[in-house]
Structure formats: C-alpha cells, structure tokens
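For reference, the structure I am asking about is given below.
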Amino acid sequence: MATAVEVHHTALTLRDHLPILQILIPFCTAPLIVFLGYRSLAWPMAFISSLLSLIIATMLLIQVSDGSYISYHLGGWAPPVGIEYRVDAANAFVLFLISATATVVLPFALSSVAHEIPCKNHALFYACFMLCVTGLMGVVITGDAFNVFVFLEISSLSTYVLVSQGSYRDKRALTAAYDYLIMGTIGATFFVIGIGLLYMTTGTLNMADMADRLVGQGGNRTVQAAFAFIVVGMGLKVAIYPLHLWLPSAYTYAPSAVTTFLAATATKAAIYVVLRFMFTVFQPDFVFDTHILVWIIGPLALLAMFAASLIAIFQTDFKRMLAYSSIAQIGYMMLGIAMFSVTGLTATMVHLFNHGITKAVLFMAVGALVLRAGSTFYDRIEGMGRAMPLTGAAIVIGGLSLIGVPGTAGFISKWMLVQAAFEGGYWWLALIIVASSLLAVLYVWRVVEVLYLHTPHPDATHTEAPLLMIVPMWIAALACLYFGLDTRFILDAASTAADGLMAGSAGMSEISSAAAAAADH
Amino acid sequence: MELSTLIFASMVLPTLAMFANLIFAKQANLRDTITFVAALLTFACVVAIAAKVGNTTTPQIVLFEVFANVPIAFNVEPLGLLFALVASGLWIVTHIYAIGYMRGNNESHHARFFGCFAGAIAAALGIAWSSNMFTLFLYYEILTISTYPLVAHKGTPEAIRGARTYLGILLGTSIALQLTAVIWTYTLAGTLDFQLGGILRDNISPTLLPILLALYAFGIGKAALMPFHRWLPAAMVAPTPVSALLHAVAVVKAGVFTMLKVGVYIFGIDFLAETGASDWLMWLAAYTIIASSVIAMQQDNLKKRLAYSTVSQLSYITLGMALASQMAVVGGGVHIAMHAMGKITLFMCAGAIYVATHKTEISQMTGLGRTMPITFAAFGIGALSIIGLPPLGGSWSKWLLMVGSADAGHQIMIAVLMISSLLNVAYLLPVIGRGFYRDDTANPYTGIKEAPLFCWLPPAATAIGCLILFFTAGSIVDFLMPITGLPQ
Amino acid sequence: MEHHLILRVVTKLLVGTIILFAFYVQFHGDFSPGGGFQAGVIMAVAFILYGLVFGLDAVQQVFPPWIVHKLVALGVLVYAGTGIWNMVLGYEFLHYGSLNPHHMSHGQHTGIIWVEAGVGITVTGVMIAIFYAFAGRAPRLGDDDW
Amino acid sequence: MTLLIDILSWACIIGGSFFMVVSAIGIVRFPDFWSRLHAASVGDSGGMILLIAGMCLQSGLTLITVKLIAIGIFLFITGPTATHAVANAALVTGWRPKTGKGLIAEENIPYGDAKPTRQGR
Amino acid sequence: MTLEFFLGHVNYWLFIVLMMTGFYIVVSRGNYVKKIVGLNIFQVAVFMLYISIGKVTGGTAPIFPTNSQGKIKIDPEIVYSNPLPHVLILTAIVVGIATTSLGLALIIRIREEYDTIEEDDILEIEAAMAQAENDEHGSAMGGRA
Amino acid sequence: MTETIINVILFTMLVTTAFAIVRMTRLFAVVMLSGVFSLLTAMLFVTLDAVDVAFTEAAVGAGISTVLMLGTIALTSRSTKPSTRSNALPLLLVTLTGAVLVYGTLDMPTFGDPNAPAQTHLAPHYLNESITEIDVPNVVTSILASYRGFDTLGETAVVFAAGIGVLLILSGLRRRREEEEEDES
Amino acid sequence: MFLVAAIALFVSMILVLVRLYAGPIVYDRVLAANLFGTLTVLFIAILGFLTGRPDFLDIALLYALINFVGTIAILKFFRYRALGDIPQIKRGKQ
C-alpha cells in the first residue's frame, strides 16, 4: 500500500528551528562530552552550549513577548498526532531562567567542582549536568503531556546522580539521593497515572487538544482523580509542604554547584508544570469548580511558609537553612496560585524568577564558603564576611532579597503577592504573608551576624574566593538588585504569562488564531 | 544648575562619600576630608535647592517606573526640604564631632563607621525628596539597613543584642505593617503619589480607615510610637555620634517625617479631621508622651534617659499629625527642626562627657560641670530648648501644637503637653543641677578639662543654633504653611 | 566456573545465537514486535551471559570498557544526528520524510532504521556498562554475613 | 490427512499438558530437593517437547513452525543445562540427597535458605 | 452498581490493588532493595492500567499482517487495539529500568559507606551524625548566638 | 470471555506474588519472585494485545533486572530486618491513594469499549494513516520511531543518563583492579 | 483444545508458584523459577494460537534464550557471591 507520497514543504530557516535548538544544543553536548572523553574539553563544551541556549532562550522570549506563541512540530507531524513544542510567554520565561542559571552556574562550577569532586568524574559530571539542563528545559518547552514525563525523568535521573556526587564530602549525599530517587519516582509515577487517566477521558496527549476536549467535563470523576494525581505527583517534585521531605537533605549534601542549579531551577520547572496543567489543561473554570483543591493548596502553602521558616531559624548549617528557606519560598509561589487571580499568578511567576536568582546568589556564596571555610556550619563561617568581603556582601544582598527588602528582587514578588491578596479581598492574608517574611528576617540576620560580628574561626582560609566564583556570584547578585528596581522586563513577561494562563486554553486559541493569521502573511 | 541635578547630587554625594570611605579605608585623614567636603557640598546642594524653589512644590522627577503608576520619583516640597536641610546641615556638625569622638575614644573600624554614616545620610535625603510612598519606603529600608552596622559597631554581645532589637523592630514593623499599608493603599487608590489633600478620599470605607492608619502608624517604627519604641533605647549601645544621628538627624526624624507625609499627603488632614479616624492615634501619642517621660525619669544612664526623652518628643510630632488641624501639623513640622537641634546638642554633650571621663551614668556626674563648663552649658541650653522655654527654638513648636490642639477642639491635649513639659523639666534639669551645683568628692575640680576640640565645639554650635531657631521660627512656619493647604 | 564444562559449551552455543537473535529483533522490528531497545538489551544479555560464565576479564577483553563508553554516547548521537540531518535538509527535527522527499514512506523507513540503530547502540552500551560497573565491584562481605 | 494431523497434534498437546501438570504436582509433593529436581525435568523436557510438537503440527509449514522448533531446541538445551547447574551448585554447597527409609525431609531441614550442614565436605 | 458495570471495571480495580501493594512496599518496608522492588511493582501496575486503556474487546495486536513480499495486507474486518498506550509504556518501562539501575547503584554505595541497607539503621546512624554535628557546632554557637 | 478469565487468573497470581514479596524477608527470594512477577506481567501484556510491551518486559525482566538485583544483593546483604515501624501510616496513605483511584474509575469507560475516547480520537489516525504515511506493518514501531520519535529520543537519553549515572556513582574508590593491585603490593 | 493446554499450564504455574513461595531451600526456588520460565514460554506460545495470531512467538523465543541467563546469574551469585570473577580475589586474600 506504499503509494509514493510527495513531501510538500518549504525549507525551514534556523529561526524556525529555535524551539528545538533550545533543547538540542545542551542535549547533544552530553553525549559529545562522553564520546570525546577528554576531561579538559568537558567544561568548555558545557559552557558554550549553555551560553548558546541562553541566547536562544532570549530570542524566544523576545519573539513571544507580545503574547503570541510558537508551535514547532517535531518530526513534521502536526499535533495531536505528533509531539509539539509550544513556546509562549510563560515557558519562554522559565526557559530563560533555566538557561541563564546554567550559564551563570557553570563558571562557578569550574572551581567548585574541582574542589568537591574527584578529577576522574569531571567529564561525566558535566555530561550529567547538561542532561539535567536539557531535562528541565524539555519539561518546560513541550506541549505534549507524556513528553513532559520523559524529560522530567531525564532531569530527575541526572539530578539523583548529581546529588549523589556530594558523597565525596559527606556520605549522607547517598541516602539523600536515594530518598530523592524514591520520592521522585513515586511523584513521576503519580504524574503518569494522572496523564493516563486524562488520556482515557480525552484520547489525546497534546495539552492544547486535551484542554479542548476537557471543556465541560468538570464533573467527570476520572478527570478529578487525574487532577489530584498530577498535582500530587508534581507536588513531590515541587516540594510542596508535606511532600518536601527529600529536599533539605538533597540540597544540603549535594555539591555546591548542583545545589545552586537545582535550587534556582528544578522546583521552578516543576511549578511551571503544575501551572501549565492547572490552567491550560484543566482550565481555570475546572480548577475553580473543584475549589476545594485551591483550599487545600492555600493552607498548605501557608503552613510551608511558617513551618519551614521556623525550622530554618533553628538550623546550625547555612546550607541546610537555605534549603528550608526554599521550602518556605515555594509556599509563597503556591499561595500565588491558590489566590487564583491574574495578579496572584503574576506574583507566582515573578517569584519563580526572583527566588531563582536569589537562591543562586546564596548557594554560590555557600560554595565559596565551603571552598574557604571547609563547611558552612555557623561556627565555621564566623567572621568570614570580613575575610571574604565580596562573598559576604553577596550573601547580604541575597539575604535581603530573601526577606523582601525593597530594592531587591525578592521585594517585587512579595509586593505582587500582597497586592494580589488585597485585590482578592484577603487583607488578613496579606498580613500573614508579611508576618512570615519576618521569620525570614530572623534566619537571614543570624547568618549576617555570624559573618560579620563574630571573630573568625582559626582553621578557615582567610582569602577571598577565586575570581571564577566571585564573578558569577556577583552577576546574580547584581541581577538581584537590578530586578528589584527595574521591573519592566520581569513584570511584563510574568503578567503576559499569567494572562495567558488565566485565560486557559480559550485565551490560547484566540491568541493562536490571531498568530496563525499573522503567520500566514 | 538644574533642579534635578541638584536633587541627585544631594543624594549621590553622600553615596560617593560612602564608597570613598570604603576604598580609602586605610588613609584616615584623606577619608575624613573627603567626607567633610562631601557633607559641605551636600548641604550646599540642599541650600541651593531651597533657594531655587522656596516653599513651592515642584513636579515629579520620574526616574523609572517600577509598578504601574508607581515610579521611583522625586520632588521638592516644604516638609521634605525642611527635613533635608536639617539632615544635611547637621551631618556637617555630626561629622566633625564624630571625627573627634572616634579618634578621642580609640574606636575601631573607622571606615565602616563613616561609610555607613554617609550611606544613612544619603538614605535620609532620599526620604526627604521622595515624591511617592514607594520611593520613600525604599529609602526608609535602606536607612534601616545602613544604620544597622552603626548600632552593632562595637561588636560586643550587648551591642549585637541591641542591634538585633533595633533591626528586628524597624525591619519587622516596616515589612509587616508599613509594606502592607503601602500595598493596600496602592490597591485602593491605584497610585502612591503624595498629593496635597490625600489620595484616599473616595477610595476607602470609613470603617477601614482607622485600620489603614494603624498599619501606617505602627508600621513606621522609626517614629517610636509605643509599643514599638523599644528599639530606640536598645540602640543606645552604639557610639554616641550614632546616637546623635539616630535620635536627632536621620532615623527618628525620618520616622516622624514619614508620619507627617502620610498624614498630609496620603490621608489628607482634612479627611482625617472629617472622619476622626486619627483620634485613637492622638490618644496613643499622648500616652506615649507621658509614659515615656515617666520612664525617662527613672533612667540613670544618660543616653537611655535621652532616648526615652526622644520617644516622648517624637510623639509630639505624631500628635501634631493626629490632631489633624493646620496649626498642629505645622507645629509638628517645626518640631522636627527644633527637636533635632536640641536633642543633637544633648547627645553630643553626653558623648563629650564620655570621651573626657568615660562616665555614662548620671549619678556619677556630680560636679563635672565645673570641669567641663562648655559642655554642660551647651547641655543646659539644649535641655531648655527641649523643655520649651523661650528664647529657645523648642518653645515655638510646643506653642504651635497647643494652638493646634485648641483648633482641633481637643483642649485636653494642651494639658498633656503642659504635663509633658513639666516632666521634661523633671528629668533634664537634674543633670545640669548635679553637674554645677552639687559639691562632691567623686569628681574633684582640677581645672577645666574639656573633651577634645572636635567634641565640644559642635555641641556648642548647635546650642547656639537652638537660640537662633527661636528667632527664625516665624519664617519656618511660613515656609511650612503650604502643607496645610491654606492659601498664604 | 572453570570446571563447568557443560555450562561453558552451552554458553558458547547460546551467546552467538542470542546475538543473532538480537540482530533479528533489531532489523525485523518493523514487521514484528521489538526494536532498538529490545535488541540492545538482548545484545547486552549475550555479553552478560559470557561474562557470567567466563569471567569479567574475558568479556572485557572482547569488549573493552572504553569502547562500551563510546557506544553509550554514540547511540544518542546517531539518533540526534538523524534528526539534525533532517534539519540540515530544511525540515523539522526528526522529519524522516526529508530523507527521500519524493517518496515519503521510503524516507520514513530509512529514518526509522537509523533511529532504531541509535537506540540499540546506546542500550547495548549502557546495559553492558552497568553490568561491568556492578560486577567489577568486590563485595565487602565477611563469610559470617552468609 | 488434516484430521490425522489434528488428532496427532491434539494428542501431543493433551499429553504435554498432562506431563506438565504431573511434573508440577511432583514439584509440590515430593519430599526433598533432589526428588523435586527429578519431577521438574519431566515437565521441562517431556511436557515441553510434546506441547511444542503439538503446536508445530497445528501451524503447518510456516515461519511459525521454524520459530517453534527454535524454541524447542533452545529449551531443550538450556533446560537440562540449568537443571545440571542447579544440581551441581546444590551438591557443591553441601546438600545431599536423603537416602534410606522415610524420606520425610521437610521437618529435618531448617526452614529458609539457611546454611546446609556441610557433612559432604 | 450493575453487574455489567462491575465486569467492565473490575479490571481497573485489580490493577489498583496491585498498584497499592507495590506502593505499600515502597512506603512501609525499610529495606532499600525491597523498596526498589516495590517501586517496580507499583510502576508495572501503572503500565497495566495504560495497556488496559488501549485494549479493545475483540481486538488484536496492532501489527498489520503482511503478505509474502512484506507488503501490508489491509483487512477492514480486523479490529486492532490502540497502539499509542503501548508506545508510551515502552518508554515508561525503559525509564523504569533506568531508575532501578540507578537506585541499585546507589544502594551498593550506601552499603559501602554505612555497612547496612536498612532504613532504620541508616536513620539511626544519621541521627547520631546529626547529633554529633549539633554538639560540635551548636555548642560553639551557644555562647554567642 | 476466555480473555477475561485468563486475565483474572493471571491477576490472582500477580497479586499473590506481590503479597508474597511483601512478606518475604529473604532478599534472594524477593528477587526470584520479582522475576516471576515480570514473567506474569509479560503474559498479561500478551493477553492485552501489547506484544511489543510484553517483549520489552521479557527482555528487561528476565535479562537485566534479575541480574542487576542479584548483583546488588551480592554486594549488600541477603535478608531484610523485620520492620519495627508501625504500619498504620503507610496503610492509611495507600488506602487513601487507592480510594482516589477507585473514585476515578467510576467514570471510566468500560474495559475494552471500542467507543471510548482513547479509541476514537487519535488511535484511528495511527491505525489508518500510518499505512500510507510510514508503511510499516508494526504500528507501534511507526509511532515509536516516527510519530513520537522525540519521546524515544528522550527515552534514549534516559538510558544514557542512567548509564553515565551508574558509572559516576560506582566509578569511585573500590574498583576491583585497583584493589587487586593494592593487595599485590 | 489449546484452552485445555492453557488451563493445564495455569494449573502447573500455580503449583510451581506454591513451591516457589515455600522454598524451603534456595535451589528449590531456582528450580521452580526455571520451570516457571519454561511454562511461560509455552503459555505465550499457546496464547498465540488461542487468539489466532501465532506470529508473535518472538517473545517466547526471547524467553527461551534469556531465562537461562537469569538462572546462571542466580547460580553464579550463589556459588561465588558476586557477578564478577571473584575467586581470584579470594585466592589473593587467602
């Protein structure tokens, strides 16, 4: 039955290929590193490819900043038959965050990894790192529900490995990685169950198509169960409060460069997936119908904000403290979702980005401290602020951003969140939000005091960290300050993304028809 | 020069001074000279601005927009100009004094100290020029953080504890309450610009108005309204120039200045008067005035006593705002200048005594007056100004506040002010009394032995300033009249 | 297992058969169940069997670890390279039709063969590499643990 | 002819099924490992060959038959080899067949995969 | 609940029972190897759920019969099961074995470092380590923090 | 009907095997049972028409999983300790999850229903068009390699990640050869 | 007719499973597992005939080839306690 079917096609330019190149460049770097096998080539290749993907992400972000979207049909099969890559404001934004973090973290990693991981592992380490980048970006960029799972697993598996590489410093990295593996796999399996149930009711895997076919199925119990499984499954990856158990150990014992990258991106990508499913696939109407879920997420978010912050206050290890603070900050993001308004979502998106760069600064500083002081227990880093003035100043900036002091990036997200609370009429919620940031004052200030006001530990090396650590750290720190004042980029992108999300797939198809019309010319 | 250039120059110069201090950390003389020149230039800028615009309100100079309708923006208006004049003018004095104090007292970390000092002044000027609540809040927080190292300067556990209280209360209240209030205001009004007559008039239900006001009143922790006043005595662990800066020039004045700004430009005094939303604040301010005066009487540590005195005096200004009558508000504004001049004199004197004799407790100071006559004379003048006796500056502001109370129909506040004056007498005059009149063996007279020149000259100058202010008060009142909204 | 003559003979017999079967699965995947992954696993199982019976050293002489490591990466590169070649031809990533624009299904055939080969190579490599890693570790058990 | 093949194949299949069940019963019921080894080989070889033969007859001369025969050959090689290996391993690690009267081994063997008594070495 | 409904859904419920057995092993058993086995059972049960989605009554495997030249014979009478879930599950199985091998590798390293693969023991060791750390670093902070 | 009976019998065996795994303390037995579990799974997949999946499960379950598990046990320990922890919480968690799933099944299409959404939306395209578009008899292969070829690329990447992951995790320290050299010296 | 065979195989499987659970010694289990493998091969072959599509014998073929590897691995593991050739090391240590 093989009749000759001509392929009608106009040749695509490089610009049309941007969405796939975004993934492909880091993706191919990993096997190339392994294939060539030269240790000295690994880092330059990784860095160049992450730089390229940052450039591509920026170009994509510019292309979709008007609220349109780009659809790329993998294999030339039109969705829903084939897999589609769909770049819109929301995911271009997250892509930018991921590739930017990778680009900033890699120079930092060069000396940090050399210090923390044996030499013979370096090539494989960078290959794994690039796979992790690929996985996270793949999760974000795709428009296909099952493809999310595949790339989620790429990122997860490489993450487990990366975390376990901390075992050369502390053997607990192994159990941390194992726990993460178990919980991550449970989460991924739940996610797969959810997608299976959705496939059962819709017969498709393409998210946009799924959304179209889910309209009016709010009462369908299978869909409701699917929603629950997807939220819980991704919730494990996000580390929503009661599902966060893997996070503190994983962040604490992973190598510094890995922690930096994960804290800035991994949970963010997962939150993006939650958003994407809640708002694009299930649609705001559906989520609103099952408002009980919002009422579950809201209190859990509040619980995370307080409980995790309280735990953070009582830590004696800077790195672990930051890990708990991450859980608390994830609470803010979930709260933005729970408030269910454009402003709330904007707050989530903004905090996604701002918390990313804030944590990047802080964890890079942790890496520098580990290099010079040996560990990050408070009694080891006493007085290091004076010995390492630039690192210390970066910690202060990051800490202030974590608290949400005006002039730093963290303030903008807090502002949006409180504004969303007021707009929703929950003025008490606003008070709770700001009250929780007081807890951040407590745990951040303890570190600042330790760094500046105590006499230094005798065993520590009292020199500034190498330039390759300082420069990326300060790039992130300055970004932290810059995005705290100039909010045009971040707010525009986030609110475009939030608008698109809140409109559900309806908004998307309207935009898409307009974009299609534009594309025809 | 352009107005905008002057405004930015007045903020950039102290910032540059801050960096210069950090860069030239090792060259003490160069560093101090640069700072001094910067202080002079800053003051010159502010004076130039004053000469240029007088008491008119200039349009906004928008730097860039942060949120929709919320830019980082600056303008000049009478209240802010007054605050700027006070802050930049007294910086020169305090700087000279601080050089003397720090060197005379062999304190460490000079560069950090002077750097943060300059940073705090930059932030104070930013507060003064802010033309919307957001900008003001931004600089308010910068001020808090830049003064934290000053309070913790000594690095002793006690200092750290004090600094922790300081930061905890100031950062806590501002983030928890003031920020909430700001965002709430923004949600209600859609803007945060300072406008004469307020921006909330048609946007808020009367029942919520007192809550919003409370968020502001308690959120502005720097105004030291009870129960959020504890940071002020706690911050007394800092070196005295810092106390002078905190309690006279930058921090507390920034607090009450913000309070006035909120009252005048966010709520509008007419709106407050009509709705009576600020009545409770008036009572709270009155309570703070009396209560902290009573506490001050029980303090033996001179700086602690002065701190509680400051708490009390600050509430005068809050009271002026809460009374919501034109005269009271002007009185509050005038009091910023008067109290600044008086209180800085007192603190610098306390510091001079410490430098010369290392005594901090009042009970140890008996008979010191004869050893340090200039210091104690200056202290006396400052004290009298705080008490409100003519011919010293402090008398005017109290008078205006009393008139304002009468205007507002709260005659009982006159009584409060009177009682407070009596209490002032009761806790300030004994210090001078002990110094001059008691004969004691504790400090036998061995000839005049003042603190170094840089330590006693500045308080003497500001004491004279108190006198001068009495005679220029009329022009200050005229200067401030536009904020009442009345035609001149 | 030096003394297990029977095992050694049977294994020699089986290993070749299994490899043959792996190739069958690899290239007959279009018509019957199976494909690159299954073929890769089967191929790896052949070497694992050889390793089990003749020892790790013997199998590593046949298939040295560095070659295995190259294979691991090579497969992915072959797969991605197929897609990139499609892009070079001016089509979407993995649009195999581009390999023979005049007869789409022929292009698809070619593409599928390449892609399956990539999968097979990687899977073979990975499975053998994992076996080497596991088998190459000495147990830390004392006799009492048993 | 077809009928003949059918009958033959059915006979094979039924025979194979019978052998299988019998060997399974033997596996469960026999008293000790060595006797169970014996039972297992009945199913492994006899039952298997009969069943494969039955199916071959059913499918005729096609690729299927080739595959079936291949399966048969492989099972025929690997089954006894595996059994041999198991028996060898058991013997080497010290298990010995029970001999003599009253082959009630279950109670005498400590439960589980415990160490055998190494009387054989 | 009608009998028809019961017969139409009993399959799903059986999968769920299996799934939950695996899940139970993961969450309740303390042995690390057993957890991995449990995870496998859990995942396999999910795979079965997927496959059962694709099953069509009276259908057959989605492979077209071919004639002797390898050309596809089209027979509209034959009903094929849905091939898409099969593809998804092929991918998922691969992911599952990848996860398993990683987990097992981790277990080997854990055993080398901790000398045990029981969660209870490891928690105990880690608690002791944390306690030691806390004693060392916490008391150092005690005076000044 | 025959299929249903076969399904149910296979299921019973699967579930009993799973329960046996829960109860076993000998890891060796657990591994063997999980091998049997995999065999049963493959049979079930065959009855559910998923021959490709069964094939994969067979290759993985019989060939790789068992070997890896045995290798792990060889390097770790042979039996598990009896758990001292309370089973209440895990049971609650599992029951809850199961309950949500059962709730979800209530609106599911009947098993094997040819009119279910999954059968009517995308599947017909694959089954009807792939003949002209790809011309490969095994539809699973055509979807796997072409329609959803990118998923398979991702799958390859997962395998690749696992490979380099195992190498990274097990590379260090106690390589056999190194130890041997140490012993000799 | 194939149904009869299928049922017989099922019965055998259940019985073999019983032995697999019960043990009591390791080699019993290996034996049972091995037999179970054979049964599976046959069952899959029978199933092909039962459902009328006997051309999927590849799975059975696969099992026939690969099940052996599992058995060998188990025995290797039991004899030498490792997958690699450990005897050399033991010699080195002794």
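We just call them A, B, C, D, E, F and G in the order they show up, numbering each chain from 1.
Methods note: a contact is a pair of C-beta atoms (placed from the backbone, for glycine too) under 8 Å apart; a residue touches a chain by one contact, two chains touch by 3 or more.
Because the structure is predicted, anything quoted here is derived from the model rather than measured.
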{"item": "Distance-maximising chain from chain E - centres being C-alpha averages", "value": "B"}
{"item": "Farthest chain (mean CA position) relative to chain G", "value": "B"}
{"item": "Distance between chain centroids, defined by C-alpha means - chain B, chain F (Å)", "value": "72"}
{"item": "Between chain A and chain C, centroid-to-centroid distance (C-alpha), Å", "value": "35"}
{"item": "Centre distance in Å when chain D and chain G are each reduced to the mean of their C-alpha atoms", "value": "11"}
{"item": "Inter-chain centre distance, chain E versus chain F - centres from mean C-alpha coordinates, in Å", "value": "6"}
{"item": "Multi-chain contact residues (two or more partners), chain G", "value": "13-14, 23, 26, 29-30, 51, 55-56, 58-59, 61-62, 65-69, 72-73, 79, 81-84, 89"}
{"item": "Contacts with two or more other chains, residues of chain D listed in rising order", "value": "74, 78, 81, 85, 112-113"}
{"item": "Shared interface positions of chain C, touching two or more other chains", "value": "7, 14, 17, 25, 31-34, 37-38, 42, 45, 48, 52, 56, 69, 72-73, 76, 80, 83, 93-94, 96, 104-105, 130-131, 133-141, 146"}
{"item": "Of all residues in chain D, those that touch chain G in their complex", "value": "10, 13-14, 16-18, 20-21, 23-25, 27-28, 33, 36-37, 40, 43-44, 47-48, 51-52, 54-55, 58-59, 63-64, 67-68, 70-71, 74-75, 78-79, 81-83, 85-87, 89-90, 92-93, 95, 106, 109, 111-113, 116"}
{"item": "Residues on chain B engaged by chain A in the complex (per definition of touch)", "value": "64-67, 72, 134, 137-138, 141-142, 145, 149, 152, 155, 160, 164, 167-168, 171-172, 175-177, 179-180, 183-184, 186-187"}
{"item": "Residues on chain A engaged by chain C in the complex (per definition of touch)", "value": "2, 4-7, 9, 11-12, 17, 20, 24, 27-28, 30-35, 37, 72-76"}
{"item": "Chain B-facing residues of chain A, complex", "value": "400, 403-407, 412, 414-415, 418-419, 422-423, 427, 430-431, 434-435, 437-438, 441-442, 445, 449, 452-453, 485-488, 491"}
{"item": "Interface residues, chain C side, partner chain E - complex", "value": "31-33, 37, 130, 133-134, 137, 140"}
